[in-house]
Amino acid sequence: MIEILLIILAPIIGGFIYGAERIVRARMQNRLGPPLLQPFYDMYKLMDKQAFIINSYHTILGIMHFVTLWVVVAFVIVGQNLLYIIFLHLLSSIFLILAGFSVKSIYSHIGANRELIAMIAYEPILIMLAVAFFMLNGSFEISAIRENSSALFSIPLLFLAFLLIVPIKLKKSPFDAIQAHQEIIGGVEVEFSGIFFEFLYMAKLLEYVFIYALVMLFAGDSFILALTLFLAVFFLVNLLDNSTARIRIDHLIKIVLVIGLTLATLNIIGLSYV
Amino acid sequence: MFNFKKYRKKSPWILHYNAGSCNGCDIEILAALSPKYDLERFGVINTGNPKQSDIFLVTGPVTFRSRERLVELYTQMPEPKVVIALGSCTCTGGVFRDMYNVEDGIDRYIPVDVYIPGCAASPELIIDGIVKALDILEQKTKKMEKPLKLFQDASTKDGIINKRDCALKVGEKDEEN
Amino acid sequence: MKKTINIPLGSQHISLLEPVRFKFECENEKIVGVDSDVGFVHRGIEKACTTKFKYDGIGYVVARVCGLCAITHSLSYTVAIEELLNIEVTSKAKYLRILLLELDRIHSHMLCLSHTCENAGFEAMFMRIMGDRELIMEIQELLTGNRIQFDYINIGGVNRDINLEVATKIVNNLDRVKEKVMGYVDEFTNNWSLSLKFKRIGALSLDDAYKFNAIGPLARASGLNIDVRNEIKYLPYHEIGFKMQTHIDGDINARNIVRLNEILNSIEMCDNILAGIPEGEIQTKYKGKPNGESVVRFEAPRGELMYYVKANGTAMLERVRIKTPTFASIPAFSHIFMGENYADAPAILASFDPCLSCTAK
Amino acid sequence: MILGLLILAPILFSFVVFMTHLVTRNILVILFVIFLSVISVFNLISLSSVVEIALPHYFHNIFVFLDSVVLIFFLWQGIVKKHALVIALALVQIILYCEVLFLVPTLESSDILVDNIASIMYLIINIVGGIIIIYALKYVESENFSQIKKNGFIAILFLFLGVMNFIVSSNNIEIFFMLFELTTLFSYVLIAYRGNAISVENSLRALWMNQIGGVAILLALILSISHYDTLYFDILIHNRDNLFLLPIVFLILAAFVKAASIPFNKWLIGAMVAPTPVSAILHSATMVKIAPFLMLKLAPAMSGFVSISVTLIGTFVFFTASLLALNKDCFKEILGLSTIALLALMMALAAVGSEQAINATVVLIVFHAISKALLFLQAGILEKNFHLKYVDDIDGLINHSPLTVFFIIIGFASLTLPPFGAFIAKFMAIESIAQEILKNPLYIFALIFITLGSVFLTLLYFKVVTKLFAKNVDFQQEHTKLSNYYVIPSFLLLFLLIIGIYVTFKMELLSSIQIITPVILIAVVPFLFATLLFKKAHRVKEYNCGEKEEIKLGMYYFNVSPNYKKAISIVAIFGMLVLIVGVML
């Protein structure tokens, strides 16, 4: 019951995280910042806007991105197979990429291309993460991971590697080249408007839920540790966002692949010897 | 049913276009986004993308070459939208009035809702203007507002374009077709 | 068999304050060709100066060529007219003019730095510098009555006097700004992400700086020590401790460092001015109409600004020619973009601190 | 009985097809294909246990004769075309073959052995191959060949099906060698079918590279006879001596050659100059599948060192081939390299040897054949109908032919995304390798190669899709009509994909919700395309910074420098040497 409620409320939870993040970011920049409910105001406003579209392929693929991402979040909450969820998440990214390519807009194309390239960086680490959980629990099922005790101390290096990809998925500095606002005006989302942009906006909120749910997986069955991890990662990501510039996509790949893969490999080799 | 209208004024997203201004007002917009004035507390985001904006912030007296872009950007913005003319020269042409390459204010081309005077308009004035625009935004309908006509018959008189004669409405032409 | 991508930047783009159109021909995201179009802001000010306005009002009109270097524009024009009218400005007025010129330079450089950071995706740094910039804006408002477009300079002197209260406020604020700027120097040299974004990006070598006639901070960052402040006589720069700031790298980082050092130097100069400001009138009376030609050069925040004024003894001038600093750097622009990544293009562009309303007039 | 039909009927058909005229030929071919498909399905259903048949002795004489003819033909071709490598390798093979003939092994087993894997291979060969032959009917019409040559083309394809049916059921290494040489011969003939200079050059390259495989098999044969006293697969595998695995390693080497793994990748890429049905039937869908099939046969014999080194080599090739594919821009070459990559993955998985890995291999073999056939058919359509060969030029194809775009996207999606079989295989692969890591940490490198390689492949596929999609806002033009001979085979393959999803659903390779969800998600998209057109919404132009002029859209390039390519080949060769030397020690 509570799972169904969580699934339905997932975008709202994401909205609160995003709203809190905007406040935290503003405070870090010595500003007052918007109210906590700002993401919801934005959503209501977008619902009320006139609908502009380029072509129907573009719009439908954008909506499918949102729907698939919601399914992914639902699977995480229900406790499905982690490896499978990662591939389903790939499917949702693919929908977004196809949407980006389905219009003749250069910024949309560059954004989609960067999304594709960034996939090289984060996909292997996510898969390695799933494998590490498999080695610890003997199963890819998230429900099994949640029942066991915290994995954080067995896979600390993988946790660090995972931290590297959190900014990529949340589109935060220094790894936000995919959505670089000052270069390509949001990348893939540039051609969406009105209620159709809202789907992308909510997909972003769902992405927050997805990533922070993965962070909380490291805590296993301990709720307090999960909360601590969530808060720690939340502040860490925002602190990093506010103290770095956006680096280029090729630097992103190099840094994340070299550091992340090394950490993940070392950790898994360590696990197989224990 | 849920009344969405009242949320419009809580999340105004801005599109800024410089139609030939002297930069004075543009840097004041940046200043208004900065910590001292912090426009974001009203929910303002500088999107830079017409398709996701509600408020069109125009500076400058509209030069000959920027007017097409001005109208193009205006038509790409979804309704409801509000246009703010920022700075004296945007409202009337200001010091540039009657210069040969200047079109004397944006209200000849697109319907303006809020005029903010000042050379350069200070951030306080900008905030004031945007807050005023929010009230107007709440009242707006979702009906398309057509830009006013501009550069169709750019007949030239003595090498200088006679602008006032060829200002018709774009909408009329559309209805004929 | 390779096909390139055309990436447009402008005329409306979030990273641009002014309309300018760049068309980048890119392979992947590497720029292999640049096409630029800067004429969107042309308003016809030079023409209007000779047809619409009398000579004593033009000082306020040319200020509207550009909001950022407004003071330099009106000062250059005023000095040119003063030469034609043979007016000797009092030394207090000269000192006040320099004070405002340098304050303007400080806020312009800070704006440029913050905009470069914004375009490099460093929002927090943008907010930090913009927040600190308000200190300068505050004292400008106190001194002249307006934040931008002060219209402070008139023919024969300046419009407002300075009093002790204002002077102490200025000194206080400048001290605070100095502290902050020291912090920026630290940030710009030590932040790893900024060094990835700025170091060895958009580099202009010394030879190219010569070849493309670069001026201003752009040239000084490449090691070319040209600064009009070092050469001119009408303002007493040599008395107040002007120092040339150069750097050898020529990349974005070098330009930032040069700007930061210039801010520090300007603060020092302002302090010196306020310490040794002479007593006297701020305004000289004058008579007659200008006649003849004069050429005046000044150092705007972006480089050398040149005014040519030709008068014929009537209230209307015959010719006003403005040669603006950004105009001279455009060839260097197009050259620097070659071979860079499109992702760096907005930051490179901001680091030039282009002023296109100057260029197009 | 069924087996005899499967092998002999295609040979008969090929003669019939060669003789008849155009209209009757088309109808006959379609009937033959239906016949073969029905038989192969029937074979799978009726097969209760493993069928073993020993062939009478005079068959062997025929085989020896055929083999000698083929080898002499190679030698002759080498002399005629003045290709030193071909001559040398042909001579080496003749000498080795004579030696084999002199040796007389004593341990005997049945010559023909049909198990489950062979039945599945029949399905692929006959159904997928048959569909491609139907497609070839129209394709070959548009070529500049004489009528005899056109008929001959179809006839050779049928002959090839017969040989393939035979090769997957042979248990005798000597027969296997003969059939291996025959497939080499067919691919040589078909690659050179167009007869121009490039075709000849590439066909000779294919010939000498495949002959290396022949040499390897002969070496394996000699070693097997001398050490184990047999030339039968099953005896060799069951009596294996962990200290002497050399024959098995040579067979593995032959598999690597046939699968065109790096460093032997040149021949398959070169083979792309052949008519597209050839690329589809020989070099993606069926013939190269001999390699993973052989690996599956040898899988029980591999353990320890051999298993892990083959896995590492295979996954390394998977990774590097997908990397190399990134900088190709010819559509068929991209398909070819991704075939190499996936074949290497199949072989690596077969070498892992756990039950799940074997299942993954079989699933991957089946679905790879269907998807690649589908993609190659589209490549042929692009070439014939739109005169497009390079990915760069397929700008905005959706304006002209949404159907082709749909098939290409489905083809690529079926190789990467859930719920298609290839995805399930990859999923199982990662799962089985994860289990192996617990036993041997070296498998972590296999895991890294697989993850990186699959990401590169995804990148590759969707890089191609980039170009297809960009649709103009106000483009109004009639779609191009495609011939039924082109469209129907594509739909049949799509149907096979759907059946495949159903079968995986039935077999419970994944839980039902895991298959149903993405099916719904993917299926709903075309449905939405068809129904939702957003009539009420306003159409606007794309955002172009306020400008009105057209923009030029290109695509990303991923350059792999020649040094890397060399390094990759060296590493691959080194890996194989380590394998051989390691086994010898």
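A, B, C and D label the chains in the order they appear, each numbered from 1.
Definition applied: a residue touches a chain if its C-beta (ideal position, glycine included) is under 8 Å from a C-beta of that chain, and two chains touch if they have at least 3 such contacts.
None of these values were measured; they are calculated from a predicted model.
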Which chain is most central here if centres come from C-alpha coordinates alone? A
Pair exhibiting more inter-chain C-beta contacts, A-D or B-D: A-D
Taking each chain's centre as its mean C-alpha position, how far apart are chain A and chain D in Å? 37
Measuring from the mean C-alpha position of chain B to the mean C-alpha position of chain D, what distance in angstrom results? 61
How many Å are there between the centre of chain C and the centre of chain D, using C-alpha atoms for each centre? 66
Find the geometric centre of each of chain B and chain C from their Cα atoms only, then give the gap between the two centres in Å, rounded to an integer. 27
On chain B, where are the residues touching two or more other chains? 17, 35, 47-49, 51, 69, 73, 76, 78, 144
What are the residue numbers in chain D that touch two or more other chains? 538, 540-541, 543-544, 546-547, 551, 553, 556
Which residues of chain C are in contact with two or more other chains? 5-6, 8, 11-15, 127, 131
Touch list for chain B against partner chain C, complex: 17-28, 30-31, 33-36, 46-49, 60-61, 63-66, 69, 73, 89, 94-96, 98-102, 119-120, 122
Quick one: in the complex, what on chain A touches chain B? 22, 26, 29-35, 38, 41-42, 44-45, 47-52, 181, 185-186, 190-194, 197
In the complex with chain A, residue positions of chain B that touch it: 2, 4-5, 7-8, 10-11, 13, 35, 38, 40-43, 47-49, 51-52, 54, 76, 78-80, 142, 144
Residues of chain D defined as touching chain C within the complex: 329, 390, 392, 544-547, 551-557
In the complex of these two chains, what residues of chain C are touching chain D? 1-6, 8-13, 21, 26-28
